[in-house]
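After the structure tokens below, expect a handful of questions from me.
By letter and in written order, the chains are A, B and C; residue numbering begins at 1 in each of them.
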Amino acid sequence: MDKKYQPIIGMETHVELKTKSGMFCGCKNDPDAKKPNIHTCPVCLGLPGALPVANKKAIEWTIKLGLALGCKINKLSKFDRKHYFYPDLPKGYQISQYDMPFCYQGKVETSFGPVRITRVHLEEDTGKLIHQNINGHNVSLIDFNRSGVPLVEVVTEPDIFSSVQAKEYAKKLRQIIRYLDISDCDMEKGGMRLEANISLLNVKSQMTNNKSNSKFKLPNYKVELKNINSFRFLERGIEYEIERQREILESGKTPIQETRGYNAEKNITFTQRTKEEAADYRYFPDPDLPPINISEKWLNEIKSTLPEPFDGLFKRWQEKYNLKPELVELLFETAEESKKLEELFKKCIKEKLSVEKFVNAMVHKKIKTIEEFKKMTNIDEVSDDDLKVIIEKILKVNPKAVADYKAGKINTINFLVGMVMREAKKKIEFQRLQDLIKSFL
Amino acid sequence: MSKKTLSTEEILHIAKLGNLTLTEKEVELFKKQLSSVIEYIDKLQEVDTKNVEPLSQTTGLTDIFRKDEPDEKRTLIPEEALKNTKSKENNLFKVKAVLTE
Amino acid sequence: MDLLGLTIKDIEESLKKGVFSCQELVKESFSTIKKHDKKINAFLTLNEEQALKQANHYDNLIKKDKNIFDEKPLLGIPVALKDLFTTKDIRTTAGSKIIGDYNPPFDATVVKKLIDAGAIIIGKTNEDAWGHGSSGENTDYEVTRNPYDLNRVPGGSSSGSGAAVAYGGVLVGTGTDTGSSVRLPAGFCNLVGLKPTYGRVSRYGIIAMASSFDSIGHMTRTVYDNAKVLEVTAGVDPFDSTTVPIKVDQYTKKLGQSIKGMKIGLPKEYFVKGLDDKVSNSIKNSLKILEKLGATVKEVSLPHTDYAMAAYYILVPSEVSSNLSRYDGIRYGGSREMFGAEAKRRIMLGSYTLSSGYYDAYYLKAAKVRTLIKRDFENAFKEVDVLIVPTSPTLPFKIGEKVDDPLQMYLSDIFLCPVNLAGIPGLNVQSGFVDGFPVGMQIIGPQFSEELLYKVAYLFEQETQYYKIRPKFKNG
């Protein structure tokens, strides 16, 4: 692989919060609504005269996420209006945050290095467009159920340097958000939307090679890759883009600064019309929404609802139960679930079962309870007395093995254990059987 | 005070920002009228506003929120939501196809 | 029945005594409207069928229990709503053709409050489209005329509400005041017009012009009536984040109390060039009357007055251009080509002042000047209790006189718009008549001082009794 060009990637991720109601109105927040336009009101429909009132929980969850990403929290924050015209944007502006977001300057660790989080802010979602052809005409149909749903945006610095790292970052971000249980991050339903800004840096013409220190000069263009709804597409889309840009740069030209989409079928990126040419969003503070003070008291209240951070949790489980993070992390998503899981671990210990094996079984055999685990390993299925009957039988019909064992061939015990198990037609704890048989010999 | 005259390009640009299409006559008329207003508002540059905070809320209010509870008192039934549109299809608002997102 | 001779108090007494019924009252209202409105053009939509139904219902309620007036203090009162007020199932146009057929699915909070208090909605009134104007001439419909002289403007933007109250079609005409729009028509039509403190009355459901300026007010012929209506419309609203949770006073309670010792301030910057001598003399005479009533008058300074208009005409169009972005013809209304010239001008001006590269020099700068203007008022109120200024620099002007010069039109707000920048209340009362034209006087107070403004206005009104003068429909 050509080392001349270094991909420089920043990511923007939009996440729908799973609040019960809208960001600025009391309409139900229901991503599974069965019919269109059943959860709209004057506010989220942008009717004349409607006014927004901010959802406190949405703000608290945004701050919670910021804290979990190691961000600083602004003491004073506000909402701003972001103007552009599009059929799914009822007011002709989106209530968002411009220069005073709730959270800023955080960090997510990846195996390739840290990815700095520039900001985490809160805004409202738009309606949904459905494209159809009706009677020979191409039309777009608009469903405003989603309009006004709280949307969190997480923006990174251009600290991502490969498609693999981008995927790892996106997955980790999702894991953190799911852990906090503030969103279902259902990518197919649009609950989590990925965007990547991609450019290539000509490293040969740069003075420094320190990757995670942004002292290098950023490329003079960037291409925005939008509307990616799977990690696999993210990786592939970025790979395609890197190659496409490399070819252009090699030919002596500069890639056009534009927005592109990803076509999964053809595995290519393609030009999309942008919403506003050189988007002038004319941000100004929304006069309908008073500013927000994040007091010490409120911030501490929010902090107290934070679950144990992943690093601490995994470290603890590794030390206590000898669990590998990569394995156990497959068993839970939310903090609630992690707590329930820990309850099971404690139960295992109580019943003298191996937590490690239990976790293995949960991962590989998809079992969920201790009862299932026990059943699987069949530990209590046979009583000692019943076993003794079988052992006596086996020992009687295998005199040579018995003699061998008594003569010092210790490994013969395995053979005998196997025979007993076969006879019993059940799986029995190896150690237990061994001990029992030995007691006969 | 500066003499400010907007050019045709500027008029067309700000019309575009406001999603307005102007006739030629309108462009000329607004060029004149807006230029005179902008010349007037330019007098603000005389005012010393060093260390002055901008004001966007005269009430002094902060932290006005609502609880996260669905309040369906204001929720409209689809018929009401769609009652004023001139173009709809099966309880959806309909527009000419927008180029795909 | 003579509606021009009745007040809210009179009506309550008469309904209780059975002198007339709500139905008769409402019928008289519509008959007066039919008599005058073809020439005056105060109304865009009439609500006759529903109003009569409501009146009938209230007549039954009164028969059952005369104490119903305690629950419903405006029972039976005919009210006209400016067409920026969203009314469920009643056409709401904002004076514009673009939403000329808009039929709202909900009521504005203030409309609900008025209806719950027993008021009867007679109709929706004409206005400068979207509130953009000071004369009523920017309506997309027929221009409203001043009942005192049909060749003159009634003032705007709540032109229809002003005219309708002035000619006796209704007792109350609601309006919005963003820079002048309640006080100026009140001044030109011999009415009491209140621009309340910003945040005193809910904006929910009122079609927005400039969100940090719009104050929801109303016009009546007398001070008592005006105070009575505010008791109903004021109050915090969970649907409007900018309403202030301050207790609503009983504004009618202190009317009649002495104003002895009250300090009235005259901002020297207002009594300079551009002010018509006749207007200036009328105000000076009125001040003498107030001194006779026990007040003292002294000069104060509002040093940044000269910059108020410039700040206003940056901030307001900025917010206007933003608030008009929702009219894309998809969910309601027609296409944006249908905007009138003034709306287009303001959208463009506002897009310019917010645009990248200009935001700091214009919007941000104006927002800072706004702080200075608010401070000017706060400092003045450390020395005096209220300020008194002319409502308009001129007498009601002729229709067509200023319409081709937007800047000239903007300058008619010069004494009124600083009050909106500061978010404080202003009350217009009649100062006198000059050449047969009403001359208004504006009483300005600190935030939430409406009670004080009413006190001063009431004594003055009782002393001068200008509310008894009726329009002559000159040139009609």
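General observations
What we mean here is this: contacts are C-beta pairs under 8 Å (C-beta built on N, C-alpha and C of every residue); 3 or more make two chains touch, one makes a residue touch a chain.
This structure is a prediction, so every number in the text was calculated from the model and none was measured.
The greater number of contacting C-beta pairs, out of the two interfaces A-C and B-C, is seen for B-C.
Remark: the per-chain Cα centre closest to the mean position of all protein Cα atoms belongs to B.
Annotation: 37 Å between the Cα-based centres of chain A and chain B. Measuring from the averaged C-alpha position of chain A to that of chain C gives a distance of 55 Å.
Per-chain CA centroids place chain B at a distance of 24 Å from chain C.
Counting partner chains per residue, chain B has residues 17, 19, 56-57, 59, 61, 64, 66, 74, 76, 81-82, 93, 95 touching two or more of them.
Shared interface positions of chain A, defined as residues touching 2 or more other chains, are 42, 45, 53-54, 83, 85, 87, 92, 142, 280, 282, 284, 287, 289-290.
The set of chain C residues that touch two or more partner chains comprises 102, 105-106, 212, 238-239, 241-242, 321, 324-325, 328, 330-332, 351, 355. On chain A, the positions that touch chain C within their shared complex are 42, 45-54, 81, 83, 85, 87, 90-93, 142, 280, 282-284, 286-290. By the touch criterion given at the top, residues 19-21, 25-29, 35-43, 45, 53-59, 83, 85-87, 92, 129-131, 134, 137-144, 226-227, 261, 272-273, 280, 282, 284-285, 287, 289-293 of chain A touch chain B in their complex.
Note for the complex: chain C touches chain B at residues 101-103, 105-106, 198-199, 212, 238-239, 241-242, 244, 304, 306-307, 309-311, 313-314, 321, 324-325, 328-334, 336-337, 339, 341, 344-345, 347-353, 355, 361-362, 364-372, 374, 406-407, 410, 422-424, 447.
Interface residues of chain B facing chain C in the complex, by the touch rule stated above, are 10-11, 14-15, 17-22, 26, 29-30, 33-34, 36-38, 40-47, 49, 52-59, 61, 64, 66, 74, 76, 80-87, 93, 95.
By the touch criterion stated above, chain C contacts chain A in their complex at residues 84, 86, 92, 94, 99, 102, 104-106, 108, 203-208, 210-212, 238-242, 318-319, 321-322, 324-328, 330-332, 351, 354-356, 359, 363.
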